[in-house]
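Sharing a structure, written as structure tokens. Questions coming.
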Amino acid sequence: MKTIGLVKEPEFETRVCLLPKEASLLIKQLSLEVLIEEGYAKHLGISDSAYVDAGVKMQSRAEVLSTADTLLTINEIEGFTPGEEQRVLIGIFNMLFYPERTEKYLGKNTTVYSLDLLPRTTLAQSMDVLSSMASIAGYRAVLKAAGYYENSFPMFTTAAGTLTPAKVLVLGAGVAGLQAIATARRLGAVVEAFDVRSSTKEEVRSLGAKFVEVEGAQEAKDAGGYAIAQSEEFLKKQKELIHDRARNANIVICTANIPGKKAPLLLAKATVDAMNPGSVIVDMAAEQGGNCEVTEAGKTITYNELTVVGDSHLAREVSQAASQLLSANYFNFLKYLVQSTKEEDLLLDKSRVIGNGVITNPLLTDKPERV
Amino acid sequence: MKTIGLVKEPEFETRVCLLPKEASLLIKQLSLEVLIEEGYAKHLGISDSAYVDAGVKMQSRAEVLSTADTLLTINEIEGFTPGEEQRVLIGIFNMLFYPERTEKYLGKNTTVYSLDLLPRTTLAQSMDVLSSMASIAGYRAVLKAAGYYENSFPMFTTAAGTLTPAKVLVLGAGVAGLQAIATARRLGAVVEAFDVRSSTKEEVRSLGAKFVEVEGAQEAKDAGGYAIAQSEEFLKKQKELIHDRARNANIVICTANIPGKKAPLLLAKATVDAMNPGSVIVDMAAEQGGNCEVTEAGKTITYNELTVVGDSHLAREVSQAASQLLSANYFNFLKYLVQSTKEEDLLLDKSRVIGNGVITNPLLTDKPERV
Amino acid sequence: MNVLVDVGYLIATVSFLGGLKFMSSPKSARLGNSVAAIGMILAVLCTFIALKTQTVPTTNIIVIAVAIVLGTVIGKLMADKVEMTAMPQLISLFNGAGGGCAVLLGVVEAKQQGIGDPNIGMQLLLLLGLVTGAVAASGSAIAYGKLAGKTKDNKGAAVVFGSRILLGLILLLPLLYFVGLLPISFESTAYALAIIALVYGVVFVLPIGGADMPVVISLLNSITGIATALAGFVYGNKAMISGGIFVGAAGILLTLLMCKAMNRSLIKVLAGKFKKTKASADTEVQNIKEITVSETAMQLSFASKIAIIPGYGLAVAQAQHLCGQLQQLLAKRETQVDFIIHPVAGRMPGHMNVLLAEANIDYEHLKEMDEVNSDMAHYDTVLIIGANDVVNPAAENNPDSPIFGMPIVKAYQSKQVVVMKRGMSKGYAGVSNDLFGMDNCSLLFGDAKDSLQNIINQLKLI
Amino acid sequence: MNVLVDVGYLIATVSFLGGLKFMSSPKSARLGNSVAAIGMILAVLCTFIALKTQTVPTTNIIVIAVAIVLGTVIGKLMADKVEMTAMPQLISLFNGAGGGCAVLLGVVEAKQQGIGDPNIGMQLLLLLGLVTGAVAASGSAIAYGKLAGKTKDNKGAAVVFGSRILLGLILLLPLLYFVGLLPISFESTAYALAIIALVYGVVFVLPIGGADMPVVISLLNSITGIATALAGFVYGNKAMISGGIFVGAAGILLTLLMCKAMNRSLIKVLAGKFKKTKASADTEVQNIKEITVSETAMQLSFASKIAIIPGYGLAVAQAQHLCGQLQQLLAKRETQVDFIIHPVAGRMPGHMNVLLAEANIDYEHLKEMDEVNSDMAHYDTVLIIGANDVVNPAAENNPDSPIFGMPIVKAYQSKQVVVMKRGMSKGYAGVSNDLFGMDNCSLLFGDAKDSLQNIINQLKLI
Amino acid sequence: MEFIHNNLEIIYFVIFCVFIGIEVIANVPAILHTPLMSGANAISGIIMVGAVIMISQVPPTNYVTLALGGIAVFFGALNISGGFFVTGRMLKMFNTKK
Amino acid sequence: MEFIHNNLEIIYFVIFCVFIGIEVIANVPAILHTPLMSGANAISGIIMVGAVIMISQVPPTNYVTLALGGIAVFFGALNISGGFFVTGRMLKMFNTKK
């Protein structure tokens, strides 16, 4: 690994995965050569000269693609076909969900790392693109919802009456969900959250929000592990509860996901129909099928006087911040990769999808068909 | 005053000035008849039947305009020409700034109240449309800015580095400005504010923000009344200071206004040129000429990699909340008008622009030409 | 027999001590009172036992018994009947009684002393006891009169000057007597001194402001204690000595503490100098009542339903976090605390919402004005933190006021109102506030942040 | 002459009293120490004056003088040389010396007593003094050994059983002697008792855990006080009686207060039952040091540069407002307080930012980990509030740890570390934390909100 | 000097009493100032003991003195009983809650 | 009983001393526990006075007793001097700030 190459991302992508600061670190700390396509980050207001100042060589797309032995990218590289030469490709390919994306690399001497597969351990956090993007997306989701919501988020007691605070329901309290909770609370909304993992209960409360849970003895009994052993009755109760809380809410932020699987359906059409006009649903699980039945991935629709945003890439709307974090994540990963000496390295093994043209990741070999 | 009439607002207006709740109060408490054009608030998700349930008669536009002796509206009514009959027109006409708007009512037996002229006293607050709209607009301005800002508002310390908090500069700390301060602070930004009225200093600090003031002895001497007696040197220093603070800021919210006059110019082109790329300016004084030199009223432009929003009607984007407050304001005003018994009533005298076809408001008679 | 008496007195002494000790913690205060009372009963019993060894004429016994029964019964009746607000007077009255007892004792004893051969030490103690008792007696009576509103302040030069002369006389007379320059008997000297001291007590208290009476009562109480101790020396009675000294010493410290709590110096209190309220700058004279932090804390601790009305001053003081803390603290004691938000409180719509949200106060504790206004009488205490215009009853009942017609939070209807502000400056509307002069309203001056912090500190001690 | 001595002793008594009183407020504590010391010098001087009236042989005088000079100089030297952390040992040693003095005194006096005609009261006092002194002396010596790490805990049945038997003997022996059933002289009885009591002191302290030593020292100190008072009775010396009783009574209360502050009962301390830390469930045995709230407050009050490292526990406890209050309080004392935010503290990126912003903590007080990590040694105290993984040095020095390689806040490099957590449960990564076992680290157990509130309360008193 | 020597006991006694009196009050919360004052006032009623002793020494025929003494005892009793009862009532307020 | 009567003074004295000892400590902030313990320890060194008195009564030829007494005085002096000095040092820490 000597020459790192980056080419422009596809049109829809606003983020970049290497900023001048980290580029210069790659060059200085890791003694790598960095080649970048001209005009790479112009849309972010970062000129080519900023990269040149950092020691990067700016070249044409074709040059970069042919010269670099390691390619960094966020999305699949348009017009790139792996050849016979030893190549490393690092990106966020979500191949667990799109197994067809692996095909073109098979048998090609190419090694592919997909950063979304990094284990979610404490050690890997500095390279964890899912965390950093989810975090920004969660923040953005609330701003987005507030933008569509034609009423006020905080309470306003005024001489002309009181505007009630918005009621926000967050489904899924992972990184994105927690950030959404925090942002909505900051804006003065009344926030409730739901998740199947019982450990999130404390986490939700630690942000001052209410955790929605099925009441009664059931809960206590199953506490600690009901994500696994959910009885039929329990599931039904849970569903009713979500229906009920959603009906009451003005904003629903959906973030529930199951890695590599279709996202769980939490807001059935009937529930959406029962919601107040003017309410807003932001479904961040849209790409994985959505938590809401009416979501259309990548689109913002009006359904029944409700606004339903289906967007799994909200971080793209905060492109500066997102690029900053991505750039750090990629740099940390590269550094780890270069400095790794161990034979079997958990982080690398997990994030490697294809090793020299062979699928090495058991997650993909075991169940290649989409679930 | 017996029959109140309302017709649909022009296309660009999203708010309405009477909601079913207050309509019913007008009918029950004040024994008035209320006529409303069909489909009046449909765009807000409020059906005609909701008004009918409140006791309103839904009629065609022509019928309403010909029957009602009192017309409530936000903007000038399209296609309405005052006739010889006794009529009262209540709206928010901003006639101080657009004196030409008075012309068609002169000599016509029409009485026109413009609620923007209500005095800003404690007593009038429940009818004070400027306050309620400014308040919502101030809140919205920050959300809007956050929407355009491609970086994060709050500070985020993450494994991939720290995102610094946005620096927000609020110019003008009236109602809108204070609300903007509060909202930006809630979102975790670092907020500074500037105003010429010295009493705002305490108000700004009471919201936890920093007041930008010219340092040195000058300040202490002039404290308490420098809005009037500003020395040349002082003004220069002040200008430099704003330039300096704006250069440092990521978001500038402009709310400075002088009632009935052109808005003060606070951000010269040179200052805007010096600002960081990616910054956002929201100029709420756009309609009155703007606080920023590059603002274009009613438009959102990109200037030098900066986003400049020129919008004096941000409340329209929070139409539900705005309508709720407006409706209460109009109701309170009508109630006051109906119940008023005094010969000389400060509130009514000040808000009345034209009394039976004659300009009665001294502010307009004294200086009819635009300043 | 004598042993029993000795032990009894010892136990009485210890129980006074324990009683006082217990009384200084709110939790054990009632126990303390009982302990001290039991000690007192014991002391009296011991006295009777001691008397048994002598032969006391029946008449005397009867007189004693009747007097004790009468005193006890009347004392109990008075204590039962008194209203909460009249308690300070009553304490003053009782203290006066104690002083009266000391004078009479001195007078009678002086007569006895006059008979036997003179013992200068004894005589000195006697005269001292007499004087202190007399000052306490008449001073307490005047203090009672003032508190009951029957006596007016008098700071006339005559009074002040007279008091100096009398004090001089009190010091001079015994001196002259003992060096033998006074050609009258000890008895007469004692009588004269008693009368002078009685008058002195009157002129001593007369110039002192009504608001300072509690301090004065405490001081007089301390003086009674000293008189008691002196009498104790005369009779060689340990219980009297220790009880008297406890009260004397405790009383003096208490007096100083009370001055400190009122932020006054004892000297100024005694000189009758009244603290200038910042109100005095105002042209309109409003009869306002100040309240101390501890009284406020006491009120809050008694209340079971409290309303907090925040205003612009809370924002200025940036005391929202403390406000939240106070609410939590009170909630822990099962006090209901509602926040009533007036629509125009603060300087922008929603100003108070921002503050209270920052302090993490649940929306459920926020009440709207309209919701509670019909119900204000149910609040035991309303705490107004830096609000002014929004609670000004002028908006309801003064048609000339510029804010007439504006809806207000009807704080004035509640049982007790405490207003926290820094001085007497007006609110945004620039009108003076009639609420401040009302009977159920007291003002707690100071920055809201400091005041809240102090209230919280005090509440924590309870 | 005698009058002078009386007055001197009186003043000494009063100065002990005043000294103790002053010592109980941080502001006047040093003055208190000086006052008590002066009182002590006075008492010694008075004793010499009193001796002057008798004819004391010169040899004796010389012995006395030499002993005093030697003791004083050595005491001063030891006090000067001792390190801060070794102070408790030293106090224990000094206390042992006091106890030793009492035993020797008892032994010698027993000899004298044996000569004259027996006075049962005197003998009883003597024996009591002897026993208490002996227990204090040997107990203190053992306590010293434990604190200095020279003696190990011994809870063996032999020790525990032995201690009961010895106690029985101590009670029995004098009883037997006085009823005349013991066929040995008073002197011998005294010697026997002294030896038994010395042994008892050893077995009394032996089983008690090292962490409980301060409590034990306080108790032994109190016992020395009693021994002193008893000796005072023997010599009819008021200064000794009062000084001894003051110390005895104060010491007992202090012992109880210390137990309370450590959240233990005296009985359990004495039985050598060690509080079960929740750690005990752990298989790995970590040698952790607990710290009390007051010690934490003391550390904070001494420090001039403090770092607070917040973690997930702060969020769980929702103690952010208190955290802000603590910072304000310390800032008022001109202590620099930095918040160090680890990038992955909490459960989501920016978790700590949300908390600290809510508590209104200025961004300028927030430091990034990288910014301060090279500088950690400059912090006098680092307060870790509910953080765990992010300060675990295993990430740096244990290649087998699952978090090896993660950057951490190098809290362990600072002078003192206090970790606030509820028990010994692990952090998110599920690994045990080596920091907790380090020398400069102490753990303050309890919910962060409660602990912070208590620290704040204590700090306010200073 | 001689005086001190002779009355050493009583001097210790007085000093201790003063100290205790002060010490007991020193840390009292301001809220208790009034009840405490009231309680102390009641204790100072111990003066009645003096009055009782005095009256018992008066010849029963000396009506004036007897009357004066009687009044003194009455005053003392009033102070004691009123004092304790009123303190009790005041303190009862503290127990209305919790 | 007789005993109480005879020693009334001393009983008052003891009770008061105990009370004062306790009272003085009662409200001490926990931070001062250690210095206070140390200070109290120093005060208990007053036992040395006893040792001095004792030694002064010993015949100068009784070497053993004299030696024992000397050691006792030495111990007492050590307790006093060490106690006060170490307390002083400990308390000095409080004044490093403000």
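The chains carry the letters A, B, C, D, E and F, assigned in the order they are written, with residues numbered from 1 in each.
FYI, a residue touches a chain if its C-beta (ideal position, glycine included) is under 8 Å from a C-beta of that chain, and two chains touch if they have at least 3 such contacts.
The structure displayed is predicted, hence computed values, not measured ones.
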Item checked: From chain D, the most remote chain by mean C-alpha position -> B
Note to self: I want to compare two interfaces, B-D and A-D. Which one has more contacting C-beta pairs?
What the structure shows: A-D
Margin query: Can you tell me which chain lies farthest from chain C, using the average of the Cα atoms as each chain's centre?
Written below: A
Notebook entry, point to check: chain C to chain F: how many Å between their CA centres?
Noted result: 41
Item checked: Between chain F and chain B, distance of the C-alpha-averaged centres to the nearest whole Å -> 79
Item checked: Multi-chain contact sites of chain A, meaning residues that touch two or more partners -> 125-126, 131-132, 135, 154, 156, 158-161, 163, 186, 188, 208
Notebook entry, point to check: Could you say which residues in chain D touch two or more other chains, in rising order?
Noted result: 17, 21, 238, 318, 343-344, 349-350, 354, 357, 360
Item checked: For chain F, residues that touch 2 or more chains besides their own -> 12-13, 17, 19-20, 23-24, 26-27
Notebook entry, point to check: In graph terms, nodes being chains and edges touches, is this line, ring, star, complete or other?
Noted result: other
Check: Of all possible chain pairs, which ones touch?
Finding: A-B, A-C, A-D, B-C, B-D, C-D, C-E, C-F, D-E, D-F, E-F
Item checked: Residue ranges of chain F touching chain C (in the complex, touch as defined) -> 1-2, 4-5, 8, 11-12, 15, 19, 23
Next item on the list: In the complex, go through chain C and note every residue touching chain B.
Entry: 312, 315-316, 318, 343-344, 346-351, 354, 357, 389, 402-407, 428-429
Next item on the list: Name, in rising order, each residue of chain D that touches chain E in their complex.
Entry: 2-3, 6-7, 10, 13-14, 17, 21, 238
Next item on the list: Give every residue of chain D touching chain F within the complex, in rising order.
Entry: 12, 16-17, 19-21, 23-26, 29-30, 32-34, 36-37, 40, 43-44, 47-48, 50-51, 54, 56-61, 63-64, 66-76, 78-80, 82, 84, 87-88, 90-91, 93-95, 97-98, 100-102, 104-105, 107-109, 111-112, 133, 214, 217-218, 221-222, 224-225, 227-228, 231-232, 234-235, 237-254, 257-258, 261, 292-295, 297-298, 301-302, 304, 333-335, 458, 461-462
Item checked: Touch list for chain B against partner chain A, complex -> 14, 44-45, 125-128, 131-132, 135-136, 139, 143-144, 146-147, 150-152, 154, 156, 158-161, 163, 183, 186-188, 277-278, 305, 317-321, 324-326, 328-329, 332
